[in-house]
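Multiple structures are listed underneath, in structure tokens.
Okay, so chain A shows up in both of these, paired with chain B first and chain C after.
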Partner chain A sequence: MKKFITGFCQLKNGKFFLNGKNLFEADIPIDEFLQQIVTKFEVKHPRFGKMDRLSKLGYTCADILLQSLGNFKQHQPYEVSLVFANSSSSLDTDFRFQKTLESIASPALFVYTLPNIMLAEICIKNGFKGENLFLISDVPEANLFYEPINQLFIQQTTKACLAGWVEILGESYSCTIFTVEMPEYKKEYQIEFNYTNINRLFE
Partner chain B sequence: MKNVWITGDALVTPLGFSSGENFANLLQGKSGLKEIMSPVSGFSTWASFLSERQQKKLDEMTPPVFETRFEKLLFLPLKQIIEEGNIDPRSSKTLFIFASTKGNIELIGNENVKPEQLSLYVSVLKISRYFGNPNKPIMISNACISGLVVQITAMKLLENGEYDTILIAGADTVNPFILEGFNSLLALSPEPCRPFDRDRQGINIGEGGAAIMLTTKKPENGIQSLIEIKGGAITNDANHISGPSRTGKELAKAAELALNQSGIVSGDIDFVSAHGTATLYNDEMEAKALTISGLSEKPTHSLKGYFGHTLGAAGLIESIICIHSIRNNVIIASKGFENAGTLDHINIVTENQYQPLSTCIKTMAGFGGCNAAICYSKS
Partner chain C sequence: MEQLIYNLKEQIIERLNLTDTKPADVDSDAPLFDEGLGLDSIDALEIIVLLQQVYGIKITNAEEGKKAMRSVKTLAEYIIEKKG
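Up next is the complex of A and B:
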């Protein structure tokens, strides 16, 4: 069963790419960078300011990618699954929550001390109700994504998948998010879903 | 589809250092819950945590390379199933999969701690390498459903055929970070938790480690009956980042998909091992979900009154108890339950119930709106 990568976006080293095209670059800290692309690409979320940095990074990139794929919305809620990974889990927020223990523990930070909360933010905004998988590994590579995504499509409930590597710890970050769909959902951009092409996304 | 058999399981919890010891203690109604005061802000709650004596025993039974309670709680049950199962962990057809929410988080706040000491992947790679496994381990962190997600992931990978044996382990610990966090959410119970009860006041946290061996190689029929994982599914509420669904429809959908995959209907289920965290909202949502799924009359328990909520390990620990329940034809009583406390009526088991058992469903829900369900059956 052939599947296609129907879009991808990347944010690394102060550059934002959509389907390989560099759409924005600035040599500024990541929090400021995100704020700029949120404005530029009209990323809207009523609680954006309350999110932790991992969720802001993942949510923003996913939103810009999904906006560019107008017809991704045709998938039914349970048909869309998410497979994400990173290396630091929610450690960036864990450190911030730990600091609040010196005065009063912050419930608003504690709820973000799990990496899959970022997936929840994406699911809530887009109404995605399919499977969620969050993997922790050392480096982004096809190995993490290929088989789990393949298996989702074999189960037949899943017709589309949002996947990616979203990593942030202090000032170090990288984000690559892509969509996988069946051939009938043809898009402007598409490359076959296979090991080589997934690994290319992480180059 | 290939059959996936459970051919080994081990538990290390305050209720014992083997699955058998844990199960025997459950049958006697013993609980691991004890009163505990948070060393940070001084509130008092109940939690299931290792005693000093058990901690010492755990230290003695694990090699010094595993320095933290989390790593020891992953290592020891794995060692047990590898030795008892007489399998070769160095085979390329064997894969290690791990579950945890917070791993070594008890180290956070120590002055000299480095981020890599808090890395879940660094910990689990150390363990799979110790056993000489050539494959990169898979580390899954899906909040409180992690312990079921690892089994569902393993089942799919085994069906694919690249591996013939998967060793799964999960652990989480009781520590100030977790206690203070749940306390800040006003989610902790000041007394032993009472899942599904009218007077429930919230969660008790628990610690423990668990390991399960799954294989597609048909085992020889031994004295014990063979148990299979028949199917499992995951859904998301898409409703709230920390609160459960208002309707229970999404957990019910996970149960429906798990049943479909297993080729069984809700009528075939002998009992339900629910999540039952004893928070107001979780238990209410689960009762709704069980009603939608046609499971409301099925004998149901929560094991949180024995183990507390063991977070990323909970799915594995509670699944192992399901497996032993099916083998021993006894449904464990739901500890802490007295009076019905959910709008939708469900059938909570108040005393150990001896009856022929062949099939059960295990459900869980977690932060991030995630839900999971798995069906186990006698072969």
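Up next is the complex of A and C:
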């Protein structure tokens, strides 16, 4: 069963790309960078300010990618699955939470001390109710994504998948998010979903 | 009382990362939860921590806490009552 990567967005080294096109760049700290692209691309979420940095990064990139895909919304809620990964899990927030333990633990930080909360933020906003998977690995590579996503499509419960690598720890960050769909959901950008093309996304 | 209400508004905005809100935007009598600022249960816990850290007040009675956290004004009245 052939599937296609129907769009991807990437944020690394102060540059933001959508389907390989550089749409914004600035040599500024990541928090400020995110704030600027949130304004520029009209990313809206009533709780955005309350999210941790991992969620802000993943949510922002996913939102801009999904906005660009318009007809991704035609998928039924239970047919959209999410497969994500990173290397530092929620460590960036864990350290911040640990600091609050010196006085009184912060409940608002505590709720973000799991990396898959980022997936929840994306799912709640977009109404996705399919399978969720968050993996931890040293580096982003195709075999992290290919098999799990393939399996989800084989089970026939998944018709579309939002996937990617969302990593942040201090000032070090990288984010690559892509969509996988069946051939009938043709898009402007479309490359075959295979090992080589997934690895190309992470180059 | 007015100064305490203003301080509370600033502290709530900072603590809950309400980035697009200014103290002047917050109606002192408006409900903090659901309507008004639209806060949720995690925000309520953060306000409880704020009361303990900044004002040294520990809410031990849930009903009392619910009444105190109805609005910024009721929160200020609660602080004054507890601090004597």
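As a convention for this text, the second predicted complex is superposed on the first by the 203 of 203 C-alpha atoms of A that agree within 3 Å, B and C clash if a C-alpha of one lies under 4 Å from a C-alpha of the other, contacts with A are read in each partner's own complex, and residues count from 1 in each chain.
We take it that contacts are C-beta pairs under 8 Å (C-beta built on N, C-alpha and C of every residue); 3 or more make two chains touch, one makes a residue touch a chain.
What you see is a predicted model; the values in this text were computed from it and never measured.
The superposed arrangement places chain B and chain C next to each other on chain A without a clash.
Applying the stated contact rule after C-alpha superposition, one finds that A:Pro107 touches each of chain B and chain C. When the two complexes are overlaid, the chain among chain B and chain C that reaches more residues of chain A is B. In the superposition on chain A, A:Gly7 makes contact with neither chain B nor chain C. Using C-alpha centres, the superposed arrangement gives chain A a vertex angle toward chain B and chain C of 80 degrees, stated as a multiple of 10. When the shared chain is aligned, chain B comes close enough to touch A:Pro77, but chain C does not. In the superposed model, A:Gly58 makes contact with neither chain B nor chain C. Contact with neither chain B nor chain C is seen for A:Gly164 once the two complexes are overlaid on the shared chain. Minimum Cα separation between chain B and chain C in the superposed model: 7 Å.
Touched by chain B in one complex and by chain C in the other are residues 104-107, 111 of chain A. Of all the residues in chain A, the ones that touch chain B in their complex are 77-78, 82, 87-89, 91, 94-95, 97-98, 101, 104-107, 110-117, 119-121, 123-124, 126-138, 143, 147-148, 150-151, 154-155, 157, 169.
Touching chain C in their complex are the following residues of chain A: 46, 48-50, 103-108, 111. Touching chain A in their complex are the following residues of chain B: 40-41, 101-103, 105, 108-109, 115, 118-121, 125, 136, 138-143, 149, 153, 156-157, 159-160, 162, 176-177, 180-186, 233-242, 250, 253, 257, 261, 367-370. Chain C meets chain A in the complex at residues 16-20, 38, 42-43, 45-46, 49, 52-53.
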